[in-house]
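I am attaching a structure below and will ask some questions about it afterwards.
Each chain carries a letter (A, B, C, D and E) given by its place in the written order, and its residues are counted from 1.
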Amino acid sequence: MGSSFVIRRLFQIIPLFLAVMVLIFLLVHLIPGDPVSTLLGDRATPDIVARANRELGLDRPLVVQFGLFVWGLLHGNLGESINLKVPVLQLVTERLPVTLFLTVYAALIGVLLAVPLAVLAAVRRNTWVDVVIRGVFQVGLSLPVFYLGLQLLTLLGARMGLFPIGGYGVTFGEHLSHLFLPALTLGLNLAAVLVRTLRSSVIEVLTAEYVEFARAKGLRSSVILSRHVLRNALISTVTLLGLNVGALIGGAVITETVFAIPGVGRLMVDAIFSRDYPVVQGLTLVFALLVSLVFLATDLLHARLDPRVEAV
Amino acid sequence: MITTLDAPRARPRATRRRLPKPTLVLGLLLLALLLAAAAFPRLFTPFSPTDFDYTAILKGPTGKHPFGTDNFGRDVLSRVVHGTRIDLQIALLTTLFPFVFGTLLGAVTAFRGGVLDAVVGRLADLVVVFPFLVLVIAIVAVLGPGLTNMYIAVSAVGWVSYWRLTRGEVRTQKGAEYAQAAQVLGYSPSRVLLRHLLPNAVTPAIVYLMTDMSLGILLGASLGYLGLGAQPPTPEWGVMVADGKNFMVTAWWISTFPGMALTLAGLTFSLLGDGLADALRPRS
Amino acid sequence: MTAASHPGHVTAPVTGADGPLLQVQDLNVHLPTPRGELHAVRGVSFDLRPGEVLGLVGESGSGKSVTLRALLRLHPRGTRLSGRVTYAGQDLLTLPDARLRGVRGGQISMIFQEPMSALNPVLTVGEQIRENLREHTRLRGRDAMDRAAELLDLTGIPSPRARLQDYPHQFSGGMRQRAMIAIALASEPKLLLADEPTTALDVTIQDQILRLLLKLRDELGMSVVLVTHDLGVVAQTCDRVAVMYGGRLMETAPVTPLFTHPLHAYTSGLLRSLPDGGSGAHRQPLQPIPGSPPDLRALPAGCAFSPRCTFVTDACRVAEPPLVPVAPGHASACIHHDRLPPLQGQA
Amino acid sequence: MTAVPSPIPPRGPATPPTPDAAPLLSVRGLTKTFPVRQGLLDRWRGQPRAAVQALTDVQLDVRRGETLGIVGESGCGKSTLARTLVRLMPADRGSVTYAGTDVLALQGPALRRYHRQVQMIFQDPYSSLNPRMTVGQVLREALTVHRLRPPHEIPARVTELLNLVGLPPEAAGRLPHEFSGGQRQRVGIARALALEPECLIADELVSALDVSVQAQVVNLLLELQTRLQLTVLFVAHDLRLVQHLSHRVAVMYLGRVVEIADTETLFSAPSHPYTQGLLAAAPGLDPTRRRAQPAIVGELPSPLRVPSGCAFRTRCPHAFARCETERPELRARTDGQQVACHLDTPPLPEETRTARP
Amino acid sequence: VTRGGQLTYGRYADSLFLDPVLNDANLDIWILTNLYDTLLQPTDDGKSVRPGLASTYVVSGDGKSMRLVLRSGIRFADGSPITSADVKWSLDRARNPDNGAWNGLLESIQSVAASGNVVTLTLKHPDPTLPSALATFNSAIMPQKLFAAAPGANDAAKAKAFAEKPVGSGPFVLSEWKRGSYMVLKRNPYYWKKGEDGKALPYLDTLRFEIIPDDNTRILKLQAGEIQGAEFIPLSRVAELKASPKLNMMLFPSTKVNDIIMNNRPKLKDGTANPLSDVRVRQALNYAVNRDALIALVTFGTGKPMKSYMSSATPLFDASQKGYTYDPAKAKALLAAAGYRNGIDVTSMATSGSADDQALLTALQQMWGAVGVRLKIEQLDAATKTARYRANDFQMRTGAWTDDIADPSEITGYYAVSGATEAAHTGFRSDAIEKLFDQSQQETSRVKRAGLYRQIQTLYTNAAPTVYLFETPYPVALTKNVKGFIQIPLGYNIFERTSIEK
């Protein structure tokens, strides 16, 4: 695989980014309402609004604003939040790690839950074990994130006092314990998606001829499961994870609200609602970059796991 | 005239009239229940879903109100039952356009390939790198909240999955010999595509459609939580769950029953999806 | 029960050992299917001498693979097996799992039709060979490495040490089949079960692989059960042949008599339906067996071949004829075996 | 002969077509490559880097009324050739002329007319029929789309077609999965015949069928060809079948035609070392005659990296320096045989067949 | 009282900009006085003022100047003394018409003179609201030197930098701020005010604000003891938390009024005729509201009916005001009289995602439906709603108001007087009210002002430019051991006397 592969892929991201940029710029500026009105509240007089607009450069033609946005971008400047009056880059560096932590944590929990259970369900397919596993995850798939989150929070957090309620904490250990419930919430949702697909892919692997060949070689079941089945099942897991990362980050928007986590998801929603253009634009680009990188990482990981991918 | 060399051997009739799978049967039964609730809500409950009853605010489940009442004294059962219509509508309308458009586009781009395929592919990339919910929120913010705009927003994003599924399937099926035969028989591309390829390539999309329907309801709920979904006093399950969350401690029934309805609908669609996957698979 | 446990043998050409290596008696396999059990293998009996290559032929769905897999109990969950499979004095059908594992891949190895799907795509060929060595030998580390290279070399793969690091997809079809054979040979088995090992290959490669099998048989003295539906392969490779139809053995015979004097209507029909392969274009009608291969769910009463048989009489439809010895080393389940016309151009 | 009653009265050998007639179908310099793409998710797919050389400068003629057999190892481009001839695939280079018209340039109605004349029948009995259409629908569609019969005559024609391929009329109401493999191939043939073509291209028509059924379909093809004066391109890898059916045979290796000759010549005096090896490698039915040595050694090269010069040189026992640098062209030998080999008469491999008891 | 300790207080959203002059939002305003001190301070009931950094203030006889004397020994949180120059600079900055949205409160000041510890304000005209204005956040006294030392080319840039780590003279000083997550305030050791024990306030060592947007989560954290106080308890949970033995559920009186703001113009923005331009229709809508039921449904019994456009906690609220009673018959009659026998269709904008707006409008739909008014709810996100409102492009909207200054002039200027914002964008205009208001703005006699305001309130109620709904308190829940916290009617959270008892 090599660096050329990575470089080529990175180059492909550039036109995508241009498009994302134009789209998001148009989108946010099409939204009725403006940041100043929102900021200043009902009572601000037209003078005050006009002055604020002038100060923020929002009275200029859209094309000029777009040009300035791109110009800033080229200089590594994502602009400054109208609302919070801090550079967007600062917001991103402060909050992105939180969301990343949450997303990775959730993905981990989701995979750790889904993989063994999906394998179990596949091995015991059409028995009650299978039915129970699939049933439970079906429920998980049908419940809104915020509902699931609040229920977990009430039960495991408040009633049983097992986990802190919300927040992010300061140390790594605190992150782990604070983010456990939100990560579990997201992870359960993800696991529900994973189990469905993974189960059938494990069944497929289990009936593959190389598994039969492995049995014919006299290998014990544990070896067959861990070496032959799981490794292949992981390939589809990785692909699926990659494809779901957008949804995972999307789900973080609501989870972050419920669990009072200062991540980019909540920031994004707030920014949309308050028409904080620079924040929306900056964050969207960061999101897009992130998702693209995740796709790239998925591909690379896939290529590592599956030697066929790199063929030719 | 060549005489018949061997008598065609029809498979035993049982093969054809095979009973549908239990999953499909259960799914259809549940769907029937949901449709009945949507069509004739009054059969299930005498109360209006929107009328207030100041004398019965936040009352727990009783014989009169089996699911209790909410903070306006509205009967939760009748709100859940009347919500069926809205939620089935959400399930349908959040997925209908993406399904039809995405599937057709997928079929056409896979069949045609070339520039069209590449352009649509880039477009799909664009949609995919945006976090789904964020994009939907942004679009709803542009258009204003409410179900109709939610449908528009979801459609703008949702077609990609169908496009991808159908495109992949058509690309596979395109190689199948029956499809090549249709081309060699001199059929027009549209006939080959619509009459031969699409019916054989649409199954994964239909199966996904079922999952997507429950995802649609969930999305409605999430947008409801953010205030962008169904508007009051419309009884919509997701919004009911969201509204009820403030009463989760004091009046659990307000959010629990709509939550169960959501799960039931999700289960229905997923059973139907599994069942349809079986039923639609041509036997060979 | 049939009398098939004592059909005679061609003298095994290589080893002089007497007594069968493997003895299969009245093997029955009931497979679970969504539409109820399927009786896929019905009372199959045969035995196998050391160093012998037995061909198991028959059309698609006749039960060849199921028979072969049943020998090692490689059947789907819910399958019912009955009968006896005696190997080295033990019944493989009742052997405890742990001991069976030692036989599987150790004493008796198996190879499959599709090398691409039988090799795990995500493990290197070397890993897949060493896996077998770890299970059945005491070789570890370097030694295992060396042995693996040796095995690849034995199957005729050039620069074997380097190829150990390759993944199956980096091999060509013929090399994959060789690699699978190398894996199967890792434990120096006494018996190789080969399920259509060359069907997916080109004739020139098929030629090489079959030749390789015969060479290994000669060098290592192992026996081979070769499942195939290609009569040419049988003619070129096997010492003895068992013909299956509808889950039963129809005829067992040394290879030459089978091709010259088939003693079952089905075998005869099969050979007759093939183009005779003279020197030029013939463009004359062939002589097909009418009808289509049987559906195991709807077998006729009596002989399974009776609906397609040109020699059928009422007697054929009464009961399934047993496989009985009809000539030295030659057994047939055809009650009209003595009334079959000779094959054209032979005899 | 046997006592097996044959439904088709045996005939004498079919008269070979007149060799001097202008070819019905003529292929010149046909070349086709498949770029191999790399990558995982479609959207990130990169630029083509390598290409499968499926057909290289293929050159052959098919005469009216004859059966031309095409043999060769798997992946040598037989199917690609067949598909290119019926315009299922565009060619990179070269020309295909059918009765004087340039096939590769046909468009719209002209292409439809061509398809009425040249039909293809397919290998896979399971995938060559639309699983959702009954046999009747399949045949009716062919008849209606091309307006071959007025609507009221269509049912009768469907029955007639079914009859032609030996299926009963009630087969029209069944779905493909209700038929056996051999019957499906008959349906496939009926579908092709619905257009009343002059030329049939049969790609591995019977390869997927059981031996006992193969002969049924082969007989049907023979019968139809004689009755309807069809020209047939018979693609197969079973040498015995090809030998039985074809007037002439073309041998392909890695995308190239290496030898064409009439069947008699090719099977009795193969000229190209590959043809020789191929014939030798085919397992004969006589257990008493076994060869001790492999017919050809070495693996088939990857079509992505076709050897320079003569593609067969890596496995050829007679290869010499020129084979590596210069590609041998297909040249006519005196007896109407065309061979692509630098050696005029490569020695036949020595007779290594050994008799066994 | 117990001294020391840390109080963690759950807020629903984070502050935005901690500059007293340039800020815009309640999120800032309501905690600013913990960081910045003012010359005067509002009393706990929010109805009058008391000395702050200035120990005394005297208004001249003609009402055209004010003299304030600074306390001695007062210091900023960094230990530097507060001088009258700081005061002059701060007030000049606060009243600069180019600065922020609040400079109008100090509009009457002609000039500020500082000498020694005396500050003299010269006024353009007598201004009865000035003491209140000097007790308002935007007149906070800031350290001129530190501000000038902040990086930045102009006032705006410096303000931005300064507000990241502000230093004032309030009871606390900002020590750490992680935006959107938490804010830590430390005790200001130089604070001048003394506590019950005679030692300097505040009692707490640390005050920590945690940002917890979700109501339920905030409550769960409080119940789990992870935080000691939580603001904006949903009113639906008040009864439940009141019953909790571990918590003090506080309902602090507020100046918050909840109403429906109507467009009184004859035509709507899209050109259609607007029935709400008829005073009878507007009155009918007021009569058709069952406020008691609303209070039960929407505020869960915590609110009280509005009797005037201003809250009963606003100074000079006229206790004799009756507002509107619930009288559907009269409402129908008025509608009929206005010619709308078949009822009318109206649309109200609501803030999407606001459970209160939803509950309120759902209830109003029912009540108005009973008299033939068909209400359509149009949910818009806050930004769109504000933009539409500001452009007068609406028919009705949910409205809420909280006073920022302890004086009725602010709300009156916004609601009743057709200034720059056209009487809360209603388009309502009453010459009588305009005249009375002008008078009241120069009237220094509290009694006379009260009389003027009584007339204004009566006139306003009769003209009914808005639909009166209810007043709601500030619901704050604290653990039982938290003492001395107060949220005054203006919304300020006052932690200076808060302590955590053992």
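What we mean here is this: a contact is a pair of C-beta atoms (placed from the backbone, for glycine too) under 8 Å apart; a residue touches a chain by one contact, two chains touch by 3 or more.
For reference, the UniProt names are A = Peptide ABC transporter permease; B = Nickel ABC transporter permease; C, D = ABC transporter ATP-binding protein.
Everything numeric here is computed off the predicted structure, so don't read it as measured data.
Participant: Quick one: how many steps at least from subunit B to subunit D, stepping chain to touching chain?
Facilitator: Steps on the shortest route: 1.
Participant: Can you check which chain pair, A-B or C-D, has more C-beta pairs in contact?
Facilitator: C-D
Participant: So which chain is farthest from subunit D, going by the mean of the CA atoms in each chain?
Facilitator: Of all the other chains, the one whose centre lies farthest from subunit D is E.
Participant: Need the most distant chain from subunit C, centre defined as the mean of C-alpha atoms.
Facilitator: Relative to subunit C, the chain with the farthest C-alpha centre is E.
Participant: Determine the centre-to-centre distance between subunit B and subunit C, using the mean Cα coordinates as centres, and give it in whole Å.
Facilitator: Centre-to-centre distance between subunit B and subunit C: 50 Å.
Participant: What is the distance in Å between the mean C-alpha positions of subunit B and subunit E?
Facilitator: About 47 Å, centre to centre.
Participant: In whole angstrom, how far does the Cα centroid of subunit C sit from the Cα centroid of subunit E?
Facilitator: For subunit C versus subunit E, the centre distance works out to 91 Å.
Participant: What parts of subunit E, by residue number, touch at least two of the other chains?
Facilitator: 216, 381, 384 - these are the residues of subunit E that touch more than one other chain.
Participant: Quick check on subunit A: which residues sit in contact with 2+ other chains?
Facilitator: Correct list: 31-32, 150, 154, 273, 295, 311.
Participant: Residue numbers in subunit B touching 2 or more other chains?
Facilitator: Residues 5-7, 9, 11, 122, 125, 128, 141, 144, 225-226, 245, 248-249 of subunit B each touch two or more of the other chains.
Participant: Provide the residue numbers of subunit D that touch subunit C in the complex, in ascending order.
Facilitator: It is residues 1-6, 8, 10-11, 13-14, 16, 67, 73-74, 180-183, 210-216, 218-219, 222-223, 237, 239-241, 243-247, 262-264, 267-268, 277-278, 280-288, 290-291, 294-297, 299-300, 302, 315, 356-357 of subunit D that touch subunit C.
Participant: Would you tell me which residues of subunit E are touching subunit A in their complex?
Facilitator: Contacts found on subunit E: 16-17, 24-25, 98, 101, 156, 160, 163-164, 178-181, 210-214, 216-218, 220-221, 223-224, 226, 381-390, 399, 414, 419-421, 424-425.
Participant: Would you mind writing out the residues of subunit A in touch with subunit C in their complex?
Facilitator: Counting only subunit A, the residues touching subunit C are 208-210, 212-220, 223, 227-228, 231-232, 235, 305-308, 311.
Participant: Any idea which subunit C residues touch subunit D in the complex?
Facilitator: 59-60, 172-175, 201-208, 210-211, 229-238, 255-256, 258-259, 269-290, 292-293, 308, 310, 341, 344
Participant: Any idea which subunit B residues touch subunit E in the complex?
Facilitator: Per the touch definition, subunit B meets subunit E at residues 50-52, 54, 57, 71-72, 141, 144-146, 225-228, 231-233, 243, 245-250.
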